[in-house]
Amino acid sequence: MPQFLEHSGTSWKGQRLKHEQSLIDSLDPRLRVVAAFLFALVVVSSEQFLVLLIGLATSLLLARLAKLNFKRTLRRVIAMDMFMIFLIIMLPFTTPGEVLFSVAGLPASKEGLLHASKIALKANAVVLCLLSVVGTMSATTLGYSMARLRVPDKLVHLLLFTVRYLDVIGQEYKRMRRAMQARAFVLRTDRHTWRSIGYLIGMLLVHSLERSERIADAMKCRGYNGRFYLMDEMVLARQDYTFMVMGALFLAALTGLNFL
Amino acid sequence: MTALIETRDLFYRYPRRGVVLDKVDFSLYPGERVALTGANGAGKTTFLHLLVGLKKAKGGEIHAFGQLRKEEKDFVEVRAKAGFLFQDPDDQLFCPTVLEDVAFGPLNLGRSRTEAISIARDTLASLGMEGFEDRITHQLSGGEKRMITLAAVLAMDPDVLLLDEPSNALDRDARQRLLDTLQALPHAMIIISHDDDFLAQLSTRRVCLVDAQLIEETEATVAV
Amino acid sequence: MHIVDGALAGPVLAVGAALAAAGVAYGLKKMDYDHLPQVGVLSAAFFVASYIHLPIGFSSVHLILNGLIGLALGWAAFPALLVALILQAVFFGFGGFLVLGVNTFNIALPAVLMYYVCRHGITASSPRIAGIWGAIGGAGAVTLTTLMVAGSLALSGEAFWLAAKATLIAHIPVMVVEGFVTAAAVLLIRQVKPEFLNIPEEWQDA
Amino acid sequence: MTALIETRDLFYRYPRRGVVLDKVDFSLYPGERVALTGANGAGKTTFLHLLVGLKKAKGGEIHAFGQLRKEEKDFVEVRAKAGFLFQDPDDQLFCPTVLEDVAFGPLNLGRSRTEAISIARDTLASLGMEGFEDRITHQLSGGEKRMITLAAVLAMDPDVLLLDEPSNALDRDARQRLLDTLQALPHAMIIISHDDDFLAQLSTRRVCLVDAQLIEETEATVAV
């Protein structure tokens, strides 16, 4: 992950804390996961520019509706774009076709440019939709809805365990990292740095493993016999059905546009 | 009156560390609140672990709730009747939400879902923690986590409480709250702590673990 | 290492998803309920460790650590990495939705392979040899992942071939760093908690 | 005599928690051992973190070792001269063996490997911890860990020591040993602790953090 996510990552408390309730939050979480998936499917398989533009516009609208934190979202989307950019810059030069312009003697083709912009549109539309529709629920809710969507039980509980201990271990990591800093440790490009960071990670794993042993003991003490239980209530309400119908019509229309 | 928990000649050693418990005799009677003190690494936590079978004794006998306990399956019942509060609340709160965590014990004891939920709600209410049901466990403060782990243990309706440094890392208010709550509970308890004031207000008897031996502290020794 | 949505061809996505699903299913089967806390907590630890950025010259790289994940978790690396990738995609916008399968497979398969290749080496009696095997595990996993990412791109169209090659070259420093870091971590764990690395496939308790 | 560390109008607040330090003025002079007390969560640890730049102040100035310190790179030098002992030794020990851990600081200061190792050996010996060089840090007792972290800090030859609850979770003997060691050191210190007796034996001056303000405690207030 890019570096500046580190902060939001280690002090991660799920997205709920700073997030304002929105229209999207009133929808059933299962529905949100399914909707995001179908949307991604339609957008990624579309090749028409118009469809992709509508897709991106929809995602932007969803981001508005979900009251996403503008700055934070922008940083994340840009992080992803930076990652792709190198792929996209290369495409016009490696795709044969009608030459639009050339850089340092290398011809850039129109087809390549189109292909590159399609990838950019698709990736941004999907990520924005994901952040606003699924990313606005708490990680715990995401786990519940996966369970309700028949994702295997073990995987769901694994996700919930990971989420539960991310913060605990993140804090532990932060304290150890600070203690190293306090001893005048500065990251450099040398073996001392790499060895120290390797030790840090190793120690973090040892602490984590020992914690997991204590957790297993605590579970035994509470009579654990190989079963976990989830308690959540998810019932489809009227607005969910409305959303379902509208969403289905919209996605069908988008798909249809491809064949015009 | 018969002892709830009794050990005879209890013996334990760690591979590298050596003997930590050498022929320890101990009894816990109903209504007692026994303070267990001792230096760091004396073996206090190990002792509690042995009582509920999380570690296997290398010698001696453990009688609990009227029976000799030897095998893992004997201890399953002991763990249901002896509520164990761990040193670090984070180790004990492993479910995503508070309600699920508190209901985890009753569900494992075979209660139905609705029963378990209602037990969990009642227990939370009795500790003054109503309204916390849907909170996410990892977002609670230290003091809140401690109270929820206590609720989780009490929800199993134990006869005995085993508390491993319960007041650790609590600030004054949270500590006082815990103290008041524990004083009001009728359960027999064993309390490990380094906090003398806390123990003085809570315990009815003190034992100290020194050199792998349990030593009964009388009023006189405590005063010194 | 996370490919975004939109770049890969449909068949590549589908095959990736199917292979990842198979790997995850096998990993879940190997991991019984008693080891859920262990895999869950370690998976959280790896998630945290993947924030670490190390400077290389004027730029910086972040660790992937899939070699170490493989050595620590074996086949459970598949579900653990899937969980991490889901969380990254959904809450950080890193990666994509439909590429989850391909991304999981690209990162988890090398982890599992390195587990088989290096698990004996890292328990060698000489720390030097164990360190070398650790380095092979760390660098090898990243190398394989890079090759697979490049492969996924190349399979999606000839136009990506250059990008695929560039990916490979750009990751050479990452391989070196991962090798060193993984070796150090392995050496530490060997000394501090040797039972950790001897975890056999069946997850017998040490 | 000029102050080693001085703050003027130091200000800090946490996003959700609010202001923890409000225009704090503080000076530490050579030879002083300042006790820093205050309730849990008062902001004591935060204050020390600010002094060495582990957190960035939201206002005010920090002068340390004769210079105004603002940027991360200014603080790198401060951290070399101000040895910081963390609250929990486990957070500070991350190398497999004691020797490596103690040598970590000198290595960061640019010493060669052989120099660093010889410094580490000397420091351990001066604290009476020879023979611990090849022990595994993770397997030490609480008191031993504390002494090793102290050695690790002293190996950097600091001018000032910042101690965050050094006697925490130590048993009587280990605590006494630490106390004797600290009393014999010539360094200026800031010591956070809740242990009044420990502070009484060590400190030359007391300040208390109350409501985001640092209050100088005179003999009279301490006696109360």
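Note that the chains take the letters A, B, C and D in the order they are written out, and that residue 1 is the start of every chain.
Note that in this section a residue touches a chain if its C-beta (ideal position, glycine included) is under 8 Å from a C-beta of that chain, and two chains touch if they have at least 3 such contacts.
For reference, the UniProt names are A = Cobalt ECF transporter T component CbiQ; B, D = ABC transporter ATP-binding protein; C = Cobalt transporter CbiM.
Everything numeric here is computed off the predicted structure, so don't read it as measured data.
S.K.: Tell me the angle, as a multiple of 5 degrees, of the rotation that maps chain B onto chain D over the C-alpha atoms.
M.R.: 175
S.K.: How far is the middle of chain B from the middle of chain D, if each middle is the mean of its Cα atoms, in Å?
M.R.: About 34 Å, centre to centre.
S.K.: Just curious, how far off is chain D from chain C (Cobalt transporter CbiM) if you go by their C-alpha centres, in Å?
M.R.: 39
S.K.: Give the residues of chain C (Cobalt transporter CbiM) that touch two or more other chains, as numbers and ranges in rising order.
M.R.: Counting only residues that touch two or more other chains, chain C (Cobalt transporter CbiM) contributes 37, 187-188, 192-193.
S.K.: Hey, what residues on chain A touch two or more of the other chains?
M.R.: Residues 14, 160-161, 163-166, 168, 196, 199, 202-203, 206, 211, 215, 219, 227-228 of chain A touch two or more partner chains.
S.K.: Two or more other chains touching the same residue: where does that happen in chain B?
M.R.: As it turns out, chain B has residues touching two or more other chains at 94.
S.K.: What are all the touching pairs of chains?
M.R.: Touch list across chains, by label: A-B, A-C, A-D, B-D, C-D.
S.K.: Inside the complex, what are the residues of chain C (Cobalt transporter CbiM) that reach chain A?
M.R.: Chain C (Cobalt transporter CbiM) reaches chain A through residues 2, 4-7, 10, 13, 24-25, 28, 31, 33-34, 36-45, 47-57, 60, 62-63, 65, 68, 72, 79-80, 82-84, 86-94, 96-98, 153, 158-163, 166, 177, 180-189, 192-193, 196.
S.K.: Which of the residues in chain D end up touching chain B in this complex?
M.R.: 39-41, 139, 141-143, 169-174
S.K.: Within the complex, which stretch of chain C (Cobalt transporter CbiM) touches chain D?
M.R.: 187-188, 191-193
S.K.: Would you tell me which residues of chain D are touching chain C (Cobalt transporter CbiM) in their complex?
M.R.: Of all residues in chain D, those touching chain C (Cobalt transporter CbiM) are 95-97, 136-139.
S.K.: If we count contacts the way the header does, which residues on chain A are in touch with chain C (Cobalt transporter CbiM) in the complex?
M.R.: 1-3, 5-6, 8-10, 12, 14-15, 36-37, 40-41, 43-45, 73, 76-77, 79-80, 83-84, 86-87, 90-91, 93-95, 112, 115, 118-123, 126-128, 130-131, 134-135, 139, 142, 152, 154-155, 157-166, 168-170, 173, 187-189, 191, 193-199, 201-206, 208-213, 215-216, 219, 226-228
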